[in-house]
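Look for chain A in each of the two complexes below; its partner is chain B in the first and chain C in the second.
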Partner chain A sequence: MYLVAVCSCPVGIAHTYMAAANLKKAAKKKGIEIKVETQGATGVEDEITKEDIARADGAIIASDVKIKGMDRFESVPTMSFKVSEPIKNAEAVIEELMEALG
Partner chain B sequence: MAEIQRKKKKSTGSIVKDAVMTGISYMIPVIVGGGVITAIAKMMGGYNIGADAANMENLAQVIYTIGNNLFGFAVPCLAAFIAYAIADKPGIAPGYAMGVLAGTMKTGFVGALVGALLVGWLVLQMKKINVPKALQGIMPIMFIPVITTLVAGLIMWYIIGVPIAWLMGIVTGWLTALSSGSRFLLGAVIGAMIAFDNGGPVNKTAALFVNGLNADGFFIPTSAKMCAGMTSPLGIAIATFLGGKKKFTDNEREQAKSLFILSCCYVQEGVIPFQLKDPVRLTTCICIGGAITGGLCMALGLESPAVHGGVFSVAMTSNPLLFIGLWVLGGCITGVLYAIVKKPLPEDYEEDDMDNLLIG
Partner chain C sequence: MNIAEMVDERLVSFGFEARNKDEIFEGLGKMMYQAGKVTDLDQYVKGLYEREAEFPTGVGNGIAIPHCKSDCVKEAAFTLVKLKHPVEWESLDDLPVDYVIMLAAPNTSDNVHLEMLSKLAASLMDDDFRNGLKDATDIDQIINIFKQKKED
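Let's turn to the complex of A and B:
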């Protein structure tokens, strides 16, 4: 199982990175490999590449704003969340995606 | 896109909200950059430098003009990126048009917001039209910007903008004529909202209102916003200091040290890890502290031309000592209250995951 995720929030200095940190932590706990791209105030970091997309089983978008490069995820089952959801409970976010993936 | 729908479908309301948040997200660096630079100029050349800055006779006036030019982009930038969030790249140019038009019509940030939503929707509809292949290439660079800007612009000017301009006139008139009692109330509401969710949607809504007024030339609510926002990290830091080992973990007390610095920089987000662990009690305390500070800022007529900057822009407010006093007062109120109501740690407490949460 390999997941990709994008996190973003309006100011881009705290929520973005807290959501990313929690998703990574929750995935590690579940034994899932995850790559999290952050679109904070400094711009895109840890960008999700074509290679990542090619081997991804699912994608999580955790954002309160429009993210850059949404069209990248055309070939991947994608689920959108508010940025606060993984901050509160990242495991539930991953579980909801896994459940939908079947 | 292979979007999986969640059980709750995305409503029109949340699409609008995401678009507005995107606009704010791109506007913030413009407001902060422009606001702080003009404030620096005010520090150098006196509080009323704006009046004759156009002469460009000295460095302060030049600096003021540089900052003020950037600040002039705040409302257009908000509109441009709201439209961008709805309609992608083709939305940007018509969005800018709506923002600038709002300035001309004196409809302020409300007019810009409505115009941007309207023009964004129009662009989206035009993108759906099937055109002959030969015309496809020039649709986004020729027809879309011309037609949508013209249509939305005329609608704003002749129809929608009229009641908004009237309403903004009333609001600004009302704000200038407020008695000190009602000013306190308004400031308290602003302060409580700013403190409420530390950079979340409620905070951003209040900030949008205040920054919009700031862009329209009202600087008093800005001091209520910034000062109240600075009280919550300071308050929690004070609370961990007062509460000590019995009420806070080692990690929390370590984190609280950075809250002092974050408070000085007017960055509230550091409070969130604490807030998530104890939402009701903590939110109540920071709202009380924020409301008192915000209310007093407005009742006493404290002006802050800079919308951000924390202690770095204190010198630019109309009364720096008062600003610091109200900041510390609100922080102490929040801190003492929270130190009292916070439950002591259980005897067998172990550090949990949340304690290691990153602060961005």
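Let's turn to the complex of A and C:
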């Protein structure tokens, strides 16, 4: 199982990085590999590449703003969340995607 | 750079008295202004409210991170303020807030300090880090907690 995610928020200094930290923590706990791209005030970090997409089983978008490069995820089952949802409960976010993937 | 270098004792309090969010925005905004981190108090506080209106910054576990990125911010800064009494904040876990980390971010390309603010926010998701910070009773303890925080 390999998941990719993108986090973004209005100001781009706090929530983006809290959501990313929690997704990584929850994935580690569940023994799932995840790569989380952050689109913040300082730019894009850990960008999800074509290679990542080709290998990904599913994608999580955690954002309250339009993310850059949404079209990248057309070929992957993708679920969108508010950026606050993984901050509140990242395990539930991952579980919701896993259930949808079946 | 380590976030410990950004801890400013003028922005730290271990028993701030406030009855509500408004008094916190005003009081902590004033701390930012008096420490020279922001040049226009009204504009900064207005920015806090505008961001807060998007969705409340109570992130759970008693912590709130009101923030504003603005031209009126001279240099990146954060408060570490323990409240004397918990206040209502429409938090993600519906619990009241007793610790406020107010962030001030300049509208510059000074990415090093902005990254520090983001790292601080991410660190709050670490139970040990967050609990240590909330339990700290003096500046030296806070500095140690920051220094000990392992890079992910």
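Everything that follows uses one rule, which is that the second predicted complex is superposed on the first by the 102 of 102 C-alpha atoms of A that agree within 3 Å, B and C clash if a C-alpha of one lies under 4 Å from a C-alpha of the other, contacts with A are read in each partner's own complex, and residues count from 1 in each chain.
Here is the rule we use: contacts are C-beta pairs under 8 Å (C-beta built on N, C-alpha and C of every residue); 3 or more make two chains touch, one makes a residue touch a chain.
The structure presented is a predicted model; accordingly, all values stated were derived computationally and were not measured.
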Partner, of chain C and chain B, that touches more residues belonging to chain A
B
Could you say whether A:66 touches chain B, chain C, both of them, or neither, answering first, second, both or neither?
first
In the superposed arrangement, which partner chain does A:96 touch: chain B (first), chain C (second), both, or neither?
first
Quick one: classify A:77 as touching chain B (first), chain C (second), both or neither.
first
Look at A:41 in the shared chain and tell me whether it touches chain B only, chain C only, both, or neither; answer first, second, both or neither.
both
For chain A, what residues appear in both contact lists, the one with chain B and the one with chain C?
10-18, 21-22, 25, 40-41, 64, 84, 87-88
Listed in rising order, chain B residues that touch chain A in their complex are 1-4, 6, 10, 17-19, 21-22, 24-25, 28-29, 84-85, 199-201, 204, 267, 269-270, 272-273, 276, 353, 357-360
Any idea which chain A residues touch chain B in the complex?
9-18, 21-22, 25, 40-41, 63-66, 70-71, 73-80, 84, 87-88, 96-97, 100-101
Quick check: in the complex, which residue numbers of chain C touch chain A?
51, 54-55, 57, 59-60, 65, 67-69, 92-93, 103, 105, 111, 114-115, 117-119, 121-126, 152
Footprint of chain C on chain A - complex, ascending
10-18, 20-22, 24-25, 40-43, 64, 82, 84, 87-88
